[in-house]
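One structure, as structure tokens, below. Some questions next.
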Amino acid sequence: MIALVDLFSLAAIGAGVFFFFAGTVGLLRFPDSLTRLHALAKADNLGLGLVALGLLPRADTALAALKLIVIWALVLLSGASTAQLIGRALRRGRK
Amino acid sequence: MMAPDPTTPGGSLLVLAILLPCAGIILSFVLGGRNAERVALGLTPFGFALACAIAFHVASAGKPVVYALGGLAPPLGIALRADGVSAVMLVAAAVILTAASFYARAKFATPEGAPESRIALTFWIMLQAIWAALTIIFVGGDLFNLYVALELLTFAAVPLVCIDGRPETLAAALRYLLFALFGSISYLLGVALFYGAYGTLDIPLLAQKVQSTPIVWMAAALMTGGLLAKTALFPLHLWLPPAHANAPAAASAVLSGLVVKGSFFLTLRLWFYVLPALPAAGAANILGALGSAAIIVGSVLALRQARLKLLIAYSTVAQIGYLFLVFPLAMGAHVWSDIGWSAGVMQILAHAFAKAAMFLSAGLLAEALGHDQIARLGGAARALPMTFLTLGLGGLSLMGLPPSGGFSAKWLMLQASVASGQWVWTLPVLAGGLLAAGYVYRILTPALSEGDIVLKAPPKRSREAIALGLALIALALGFAPQGFFDLLEIGRPLAAGTLR
Amino acid sequence: MSPWVLAGLVGAALVGLGLYGLILHPHPLRKLLAFNLIGSGVFLVFGIVARRGAAAGFSFDPIPQAMVITGIVVAFAASALAVALILRLHAESGRVTLDPEAWTKPDDGAAKS
Amino acid sequence: MSVLPFLDVALALLIVGLAVWTIAARVLFASVVGYVAYGLLLALVWVRLYAPDVALTEAAVGSGVTGVLLITAGKRLGAARAGEAGPAPGLAQKLFAGALALLVAGALAAVILILPDPAPSLAPQAAAAADGPGAGLGNPITAVLISYRSFDTMLEKVVLILAVLGVWSVGADKAWGAAPAPLGQRNPYGASVFLAQMLAPVGAVIGVHIFWVGADAPGGAFQGGALLAAMWMIAMMARITEPPRIDARRLRLALVAGPAVFLIAGLAGPLMAGSFFAFPHAFAKPIILFIEAFMLLSIAVALPALVAGPPSGRSE
Amino acid sequence: MNEPLLAAAGLIILTVAIGLIRILRGPDDVDRLMAVQLLGTGGIAALLLTAYATGVPGVDDVALGLALLAAFATMAFVNLLETDDDETELGETEP
């Protein structure tokens, strides 16, 4: 039973690492700021989300689990909003 | 486990002396407007009284007054400790700060019913902050607590430099800030190493433990380097002249007379109280050599200045140099090191009073004439006799002519050099005196010459009297009785943590 | 190599780098950044001192750690004051140079007291 | 063989690399961004040094609020010409600075390697004192800050007041009393407003939570206050609220609340527990939490005030 | 089970570190800022992973703080971009 939980953790965290990797590649390889923004916004949110998901079964207390979820939610919110802010700013004046 | 509480009778005075200006800062900030000035001026007599009471306690007990905050003995708690030198410095600071406060009313007073102004609020609060910071520096017994005090001093002094808001003063303040920040962080790194080596930052406890190890030398070097930058010892003096010459006169007097002495005082604390056990003759000679260079370079540059306030500021660079001769002249436990010690403290005091008096006079002069160009002072002495009397008397002390505190200091330095066989230090002392004579005459000669001078407004008598009073104190120091020098020895460790 | 040794070496490197930048950069904001590097290097030294002092059931000595917290706040306050000065200097004069020579005007003798 | 050492080494190399970039970057703003990234990584190092309290402070103050301060300054000065700050340093100067920096760094590294073993520590005394005049707090760092070294902490709050006044005093005479310039643009983006509306309440709860657990777990007035300060700044950036006038009595009261309450409690020490800055053992914890609550307020107000800058003539 | 967590943390740090090349390369300030944003998210993930692996108390609160501040720098930056358009309001204190 324990092993199954571990397996789930590993799978989720591994997938998370992959998304971080993908995000970085996008940030480096994509041709212009807007596409790079696209890569970043999708990838790092999913990456962190999967890591948090993988850690969730390992949380000792409900509060610890709640913190994981809140952290993810906060980053998701920030990521989405800043992506929009940067996107608008980019469209308005190339800077 | 817990050490006994080392608090002595009168110890609570130390806490009150620090908390009084802190409370003043808080009250001034909240009440604002004219109240800031009222609070600052209203607290000066109490601050002065507390300083005198502490000095009285130290002198009558013949040993340091101590207070352990929170009833917790060091190393866990913080102790405050006033010895003979602290007591003298507290009183001197109280006198100069009080004088500067009353002198500054003419410029920084808020008229009845007027709204709060930027310069007034800043000036009165920062003046109290300088008082608080210096008090902690003089009585602090814990190296980290002293770091906080150093920062307090920086944050108080920098805005005073640029209080008039001109770009050149902003640049000077910024330079000063960067030097001061470098100084504090370097000091703090030394503190970290001391803690890492001995697990305490209490000065007497450290003094018992320190040994001549690389860690201790590194810590000492870092702290000294930082403090030198703050004290503006040559070659780290570049920030001082523009900063001190551009501040308003009352602030310049406090900055030049007292604030640089704060970091110098900590240098003394470090070498004579924390590290008396170290074989530091080499370090002392380096400091003495830098001091000598400062005397020569500062004096020569003072000779070349066209503006009176810049001349006085460069003279500070030179006079700071003298202070550092105390390291070779008072190091170790010798017959002559007592003389060297007395000389050093006397130089701090004489310069503090003389320089404060001169900056205040220079301020009066600039207000009366509308400029402070030395070349255009012709006839000014007849128009402003009292101001020039003050400048002359202050100059007397800077030159080291009798009877004055400056004379005592330099005479004692010569004595200590001769008695210790370190003849080489007599050269900068004598050369510095000659050069000082040069720059003081540069002020007085044109002023005493014939010339037509138009006064924009005659200075107020009371302000002239304040400056003159400080100059007279600098003179009176030359007549200090033996009891005064005995006071300076109270609580001074001789070597390896032995208390006198 | 234990983590604290590594952190200590990083701290030393940061102090060195910051010192280099502080001396060399003419721009005051760059000097401020360099100062902040020195600051964090110094705090790291406190950090390893604290970590090494683990004893009596504590995994660190709380006193140096508390000092770092005080230090970080003071360093921020210093940065804020410096930034305010730099921005004001820039707004007033359009320049940010610290060179005192640059500020000596052909002296008209109009000294402010 | 554990992975941890590799993690540590990677972190160390990254930090030094970013520090080098901060110093070496040609463009001012690139250097500033490098520094912000550096601050983030530093928080991880503090966790590795078993210092979550410091990590939180570093994340919030050292990286977060400082980052905003520097980015603002860097962006405003970025347009300035490169050479205007002064001539580029010559080779001799570079060699001198390099040699000095190497000397100091090398000596420091050598000295750190020979720190005494076993290390001296006040941890046992702090533990013993927790039952005595100390606090009975689970978080020893809070105990140090508010009890054993309370004097330092109070003075540091006074330093903050001076810093705020110093920043204000840089402003123009005629602007005195007015509010600092707004932190955000005139018509903030919808996304900004949305973000601030979502983030600020959650952040306020988290800030107070971190303050509250600070008595017994990592956290406290500094960390909680810094987070609250950041939330207030976010709200000001979205123009949900504006920087207050600097002559507002309430603002000034909030700024001095921490040091004032601390000072009064310290002065009352002799009546309560026989010594200045001592707290009676039975009531130590509530008194400390009471003082901390006001410190939280002062920090939460002081940090944004420091970033917002001097009063501006425009906002009358 | 702790070693894989640490390994994942190390991988994430390395990945986002490579992304930092964007700070060096730019070309725009926005690109630099995106790299910092990625570093922030990756830092939170690595922090959570090490926290669960090493069991140092209080680390999840650090991650919470970082998550809360994820959008902070970017928001300040985007705000400043607009000042190019309306200098009048956000100019210096001087007329």
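Should a chain be cited, it is by its letter among A, B, C, D and E, assigned in written order, with residues numbered from 1 in that chain.
One rule holds in what follows: a contact is a pair of C-beta atoms (placed from the backbone, for glycine too) under 8 Å apart; a residue touches a chain by one contact, two chains touch by 3 or more.
For clarity, every value in this text was computed on a predicted model and none was experimentally measured.
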(request) Note the shortest touch-path length, in steps, from chain A to chain D. (result) 1
(message) Counting only C-beta pairs in contact, which chains form the busiest pair?
(response) C-D
(request) Report back the single chain whose CA centre is most distant from the CA centre of chain B. (result) A
(request) Would you mind checking which chain's mean C-alpha position lies nearest the centre of all protein C-alpha atoms? (result) C
(request) Report the inter-chain centroid distance for chain B and chain D in whole angstrom, where each centroid is the mean of the CA atoms. (result) 31
(message) Taking the mean of the CA coordinates per chain, how far is chain C from chain D in Å?
(response) 13
(message) Between chain B and chain E, what distance separates the C-alpha centroids? Give it in angstrom.
(response) 46
(message) Using mean CA coordinates as chain centres, what's the gap between chain A and chain B in Å?
(response) 57
(message) Please output the residue numbers of chain A that touch at least 2 other chains, ranges allowed.
(response) 70, 74, 77-78, 81-82, 85, 88
(message) Could you pull out the residues of chain B that touch at least 2 other chains?
(response) 76, 144, 148, 151, 155, 158-159, 162, 165, 170, 189, 193, 195-196, 199
(request) Give me the residues of chain D that touch two or more other chains. (result) 4, 48, 50, 53, 72, 76, 108, 112, 115, 119-122, 124, 126, 148-149, 152, 156, 159, 163, 166, 170-172, 189, 192, 195, 199, 202, 206, 309-310
(request) Show which residues of chain C lie in contact with chain D when the two form their complex. (result) 1, 3-21, 23-30, 32-34, 36-37, 40, 43-45, 47-63, 65-70, 72-81, 83-88, 90, 95-99, 102
(request) Enumerate the contact residues on chain B facing chain D in the complex. (result) 1-2, 5, 7, 12, 15, 19, 22-23, 25-26, 29-30, 32, 67-72, 75-78, 115-119, 121-122, 125-126, 129, 132, 136, 144-145, 148-149, 151-152, 155-156, 158-159, 162-163, 165, 170, 189, 193, 195-200, 214-215, 218
(message) So in the complex, the part of chain C that touches chain B is made up of which residues?
(response) 15, 22, 28, 31-32, 35, 38-39, 41-42, 45-46, 48-49, 52-53, 61, 63-64, 67, 70-71, 74-75, 77-78, 81-82, 85-86, 88-89, 92-93, 95, 97-98, 100, 102-105, 107, 109-113
(request) Show which residues of chain D lie in contact with chain A when the two form their complex. (result) 189, 191-192, 194-195, 198-199, 202, 206
(request) State the interface residues of chain E toward chain D in the complex, per the touch definition above. (result) 3, 6-7, 9-10, 13-14, 17, 20, 23-24, 26, 29, 32-33, 35-36, 39-40, 43, 46-47, 50-51, 54, 56-59, 61-62, 64-66, 68-69, 71-73, 75-80, 82-83, 85-86, 89-95
